[in-house]
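Two complexes, one shared chain (chain A), two partners (chain B, chain C).
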Partner chain A sequence: MYRPSTGLLFVLPALIVLAMLIAYPVAYTGLLSVTDGQGNFVGMSNFAKVLSARATPQAFWNTVYWVVGSIVFQVILGTATAVLLNQTFAGRAIVRSITLIPWVVPGIVAATTWAWMFHTEFGIINYMLTGPGIIDQPIGWLTNRDTVMPVLIAINVWKLFPFVAIMVLAGLQSIPNDLYEAARVDGANFWEEVRYVMLPQVRPVIVAVTLLLVIWGLNSITIIYAITRGGPANRTLITPIQIFRIAFENVQFNQAAALSVMFFAVAIAIVFVYIKALASQPREAR
Partner chain B sequence: MNSGTQNAVAGFPALKEEGGLKAPGLGKPLIFVGSVLVVLVCLFPFWWMALSSIKTLRELYTIPPIWWPESPTLGNYYKVLFESNIPRYFLNSVVISVGSTGLALVLAIFASYGFARFDFKGKPLLQACVLIGQLLPTAAIIVPLFVTLRVLGLVNTYWGLILVYMIITLPLSVWMLTSYFKAIPVELEEAAIIDGASRLGVLFRVTLPLSIPGIVAVIVYAFVTTWNEFIFALCFATDSSVKTLPIGLAEFSTEFNTDWGAVMAASVIMTLPIALLFLSMQRLFVGGLTAGATKG
Partner chain C sequence: MTKPLLILATTASALAFSSVVSLAGEVTWWTPNFNEPRARELVEKFQAANPDITVNLEITTSDGLPQRVLTALQSGAAPDIIDVQHGWVNGYAQNGLVIPLDDVLQDREDYIPAALDYVTWDGKLWGIPYRIETHAVIYNRGHFTEVGLDPDSPPETWAELVDVATKLTKEGRSGFAITGGGEVGNTIFRSLPFIWMNGSSMISDDMTKATVNEPAAVEAVTFYTDFFRKGLSPASTLENDGTANRRLFIAETVSMYQSGQFDIASIREENPDIDIGVMRIPHPEGKDTAAILGGWSFVVPSDAQNPDEAKIFLQFLAEAESQGTLTDTFPARKSAMELPRFNDPILQVFKEMLPYGRPVPAEKNWVQISQAYFNGIQSILLGDMEPQEAMDVAAEEIQALLDE
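What follows is the complex of A and B.
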């Protein structure tokens, strides 16, 4: 009773909008990257210029540091929180709601609030650490080259671990009860249950969430841009911010496009390898 | 009618009763310490933000920091509401978020219905394309998007941002609604069709009324995402007549001498609507979001 063309008609408006906003710009980036400001074909010279800039490799490694550092802690803390919230205790619903708050608030609000808390002179964090003598003098968290990236990663972890927690929690709650019972018959204690029942069962959720976190990590400009704009001394410059700088501060659209093409290729490669690795994994027996 | 399906999809996964054997769990003290820690970590920044927003300049800039302001003031809020562009940016944010949420919702309803109820050539491929849209690194397309918008004359217009936000909101909205529509028994629609209803009639009179929780989930998701969005707004809205709140906040805090009291007050103003919306809708929202994850 369903005619094939009707379905396509329903889907078409959304697809046209997405094609206009995604497919066309992606293709256009390719064109921009091999032309100059007047539209003349210039071959690979934009790529050469971008690659010879000192900031480019630095931004690349900063991006890797930022994404990997964020994800490791987001997944560990998020999963731990999910295991905690999977316990039955009074007030659990309230704790669960509160956990979600960091994820929902605007990234820019998180950035400014944490920037104020990490303020060198008047920040509450330096005060809390100097008080009991954990550090002897205030640290310039956001101006010191060695502390700035870890601090930004910590803020990013704070912002997104709730998302991991809620997704993993949903996975935990869909585990069939007989798996727990089988483990209990075998005399498993709590940590063995976590190790042999919960973690294997939620692995697909964690894997899917990790992919989303990689994408979000590659896209996340807000926190870094709002707090440091890539400084000090390019220590927190990640590739998306470099693209933004080249395009809108140096107004070199063609070089920015060249960098975009490379960034895009790397991102797609990561997603592809990841999905491929997913597909080849043996399915968990249920 | 059909409330069982709705609750299963919309609500949190039902809490499990521990039956039979005694369940080994975390000890009570450990649960308590863990919960307190999680709550403190999540809430302290907001507590500090609210507290800082009612401090006077003198109290903000003292060492050691003051926990309780002795003379709480609304001066920072006054400054933000009457002496800055923030109210205008607030209005811009509302217009853009509502506009793009509405547009995404309409497009997503049709597309999801098409994906959920019809079989046509290339459907798996098209569905994959929509999902890939969600995985796109947005930073890689800001340059060509800017050029495209400039050609269309949409830079620094409401429409420019409303359209661009489709990239972020539409793919996941389609994904969420498709799995929601699929959960509604097709027999209900077939009955209506036998009674002579048209396809659109079925969609609007039968399917949509049953999908209210899923639609609310999409609305909350799209609104929160666009309200919070930063980088597109930074690139495509450079005139104060269209700048959104996140940009306004960034402007406040990046000048050489940051007025932290005003920044914190503006942060509170910006957070409140989103926190209220989310906390009142979170059951629906989280249910809609996690439904796909646990079934996949």
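What follows is the complex of A and C.
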């Protein structure tokens, strides 16, 4: 019975590193959230302060809008692209490589470039639309209350749909040919193949990728912060940016920690529900 | 997820700065990139006279500097001297992150008083100001002539400014560009002086009451935001900061905008065809103009390794001649202002504006207060709210911060 303890010895270094990098910050954030700047225990007052801020509920709903909006289009567009790239056509390898570009471009570079492209005055998008007379006045894409969030979601979709496409494509390629042949013998057309062969087969991939996208969506700062900083008038303020603002612009680390703790709880709950809901689904094709 | 991220970011940035390890007799000085060549010159000069003190110059970038300085100050591994904006000093002092510098200051009466007030808290001096500046209005003299206005008599009052801006605005050209985007400070610097001129403020002098929804303040906010609402400021106002306005001015699509003298050089370089004029910021009829006094000070962190040597070097940096060399705009000492480099006629109006410069309030929640106010301005520009309503909302939020 000494084998387990030897094993423990071997994993210990990794465990210590993990503890330092994950457990300690998590615990310390928890501690920060119930203390003040001098380290005195203040109970729930940081939570109360941060919850009473006008921006907090607005940021929460913006986050929901942002995450749901992004994921729906990322998954639909990504899956469609994967199905397309799974067909045989000339130049497929090149198209596959090109599709990856948005995902490979560093987020901050992409965000800054898009911000310029959408600029009311200097942006190429308004230039291209006003030139041939499609619109007569330049549109304030990033300053109009109705367009700013959809534009940011579109940029986020553009940035991440290739990731979905590649993952789903990998799933599609592992489908044995017999299934298609059997379907064809039964007289299935292309759309029926997609619906009854491809999608059920790649469901586990889509499920896992969606979970990743939820986590990334909840954590994303780069695109919004680089383009609008949460403005105008908090219209694109999402909770991670609010946390960043409270901590690094207002220097209220304790309130930022309190908001982080609550956000963490909400995120955990969403992930938990999601996994639970999927675990109860029947697992066909296993 | 987010929690570890937050802490990791702090840790990572702290690690990145742990190169700040000073040996005895070494002084580490952080200065922003725009100071680099002149700072090197000063370091060489100092080293020649003080061979036993080594100065390590580290160059910072002004983008994201507040976060970087704050992280360094709180990490316990701070440099010995840091260049920071006047407005940040008070917060550091109140949190015990920097040490008092009364023993370093010489010739107190030679300093512009408002600059010293800025970095004084609790009766002590927490920074040595070396650079001061205010905004003025930069305008395109050619555009004035084009529409039949005399470029030598620019508008002086609010009414005249609106009138001139209206005349200058035509096909693809905006008369007077305001800011409504970018970092909060851009819009504070450009709109708060109008509130001051009109005899009001964002918060009362004793910092107990939000006054931003007083009639005089709302009148000033209305005046400011109307430039956009009446189409005299570019359509992109809500995404424009000071830099964007300068670019539009260089592209000759904007005829007037508020900025500091640091813009002059890049306008001259990028579009030498523009005949640049500078006017004082117009004021309400019968009242004085106003501006925010900006600029930079040196601070010594509480965790500095060699504060004594740092103070010796600081005394050298605070000399009139050193200040005159280092500053990108104006020096904080009156005697340094006599240096030839400040005699360029285009600087004259900026110089005239200096006495009207005021410090922003040293309230500990100032960042959040300005954010609340800025959200109000953006709501007006978005067309969501009327000025009175927007400022009522901002005042409510500011009052809550003051009551904390």
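A few remarks follow.
By our rule, the second predicted complex is superposed on the first by the 268 of 286 C-alpha atoms of A that agree within 3 Å, B and C clash if a C-alpha of one lies under 4 Å from a C-alpha of the other, contacts with A are read in each partner's own complex, and residues count from 1 in each chain.
Just so we're on the same page, a contact is a pair of C-beta atoms (placed from the backbone, for glycine too) under 8 Å apart; a residue touches a chain by one contact, two chains touch by 3 or more.
Note that the coordinates shown come from a computational prediction; the quantities given were computed from them, not determined experimentally.
Contacts of A:Y127 after superposition: chain B is touched, whereas chain C is not reached. Once the two complexes are overlaid on the shared chain, A:S260 sits against chain B and chain C alike. Touch criterion met: A:G140 reaches chain C, while chain B stays clear of it. Using the contact criterion defined above for the overlaid structures, shared-chain residue A:V42 touches neither chain B nor chain C, since it reaches no partner.
Touch criterion met: A:E193 reaches chain B, while chain C stays clear of it. Shared-chain residue A:V251: touches chain C; no touch with chain B.
By the touch criterion defined above, A:I215 lies against chain B and chain C together after alignment on the C-alpha atoms of chain A. Of the two partner chains placed around the shared chain by superposition, chain C is the only one that A:P232 touches, whereas chain B remains out of contact.
Touching more residues of chain A than its counterpart among chain B and chain C is B.
Legend: residue contacts after superposition of the two complexes on their common chain; A:P25 is shown touching both chain B and chain C.
Across the superposed pair, chain B and chain C both touch chain A at residues 21-22, 25-26, 28-29, 119, 121-122, 215, 218-219, 229, 239-240, 243-244, 247-248, 256-257, 260-261, 263-264, 267. For chain A in complex with chain B, the touching residues are 1-2, 4-11, 13-15, 17-18, 21-22, 24-26, 28-29, 32, 81, 83-84, 87-89, 91, 95, 97-102, 104-110, 112-117, 119, 121-124, 127, 131, 158, 162, 166-167, 170-171, 173-174, 177, 180-181, 184-185, 188-190, 193, 204-205, 208-209, 211, 215, 218-219, 221-222, 225-226, 229, 239-240, 243-244, 247-248, 253, 256-257, 260-261, 263-264, 267, 271.
Residues of chain A touching chain C in their complex: 21-22, 25-26, 28-29, 37, 49, 52, 54, 119-122, 137-138, 140, 142-143, 145, 215, 218-219, 228-229, 231-235, 239-240, 243-245, 247-251, 256-257, 260-261, 263-264, 267. Chain C makes touch with chain A in their complex at residues 1-8, 11, 66-67, 70, 91, 95, 180-183, 234-239, 247-248, 253, 365, 367-368, 371, 375-376, 378-379, 381-384, 393, 397, 400, 404. Touching chain A in their complex are the following residues of chain B: 12-16, 18-26, 28, 31-32, 34-35, 38-39, 41-43, 45-46, 48-49, 52, 60-65, 107-108, 110-111, 113-115, 117-121, 123, 126, 129-130, 133-148, 163-164, 166-167, 170-171, 174, 190, 193, 199, 224, 227-228, 230-231, 234-235, 245-246, 249-250, 252-254, 260, 263-264, 267, 270-271, 274-275, 278-279, 282, 286, 289-290, 293-294, 296.
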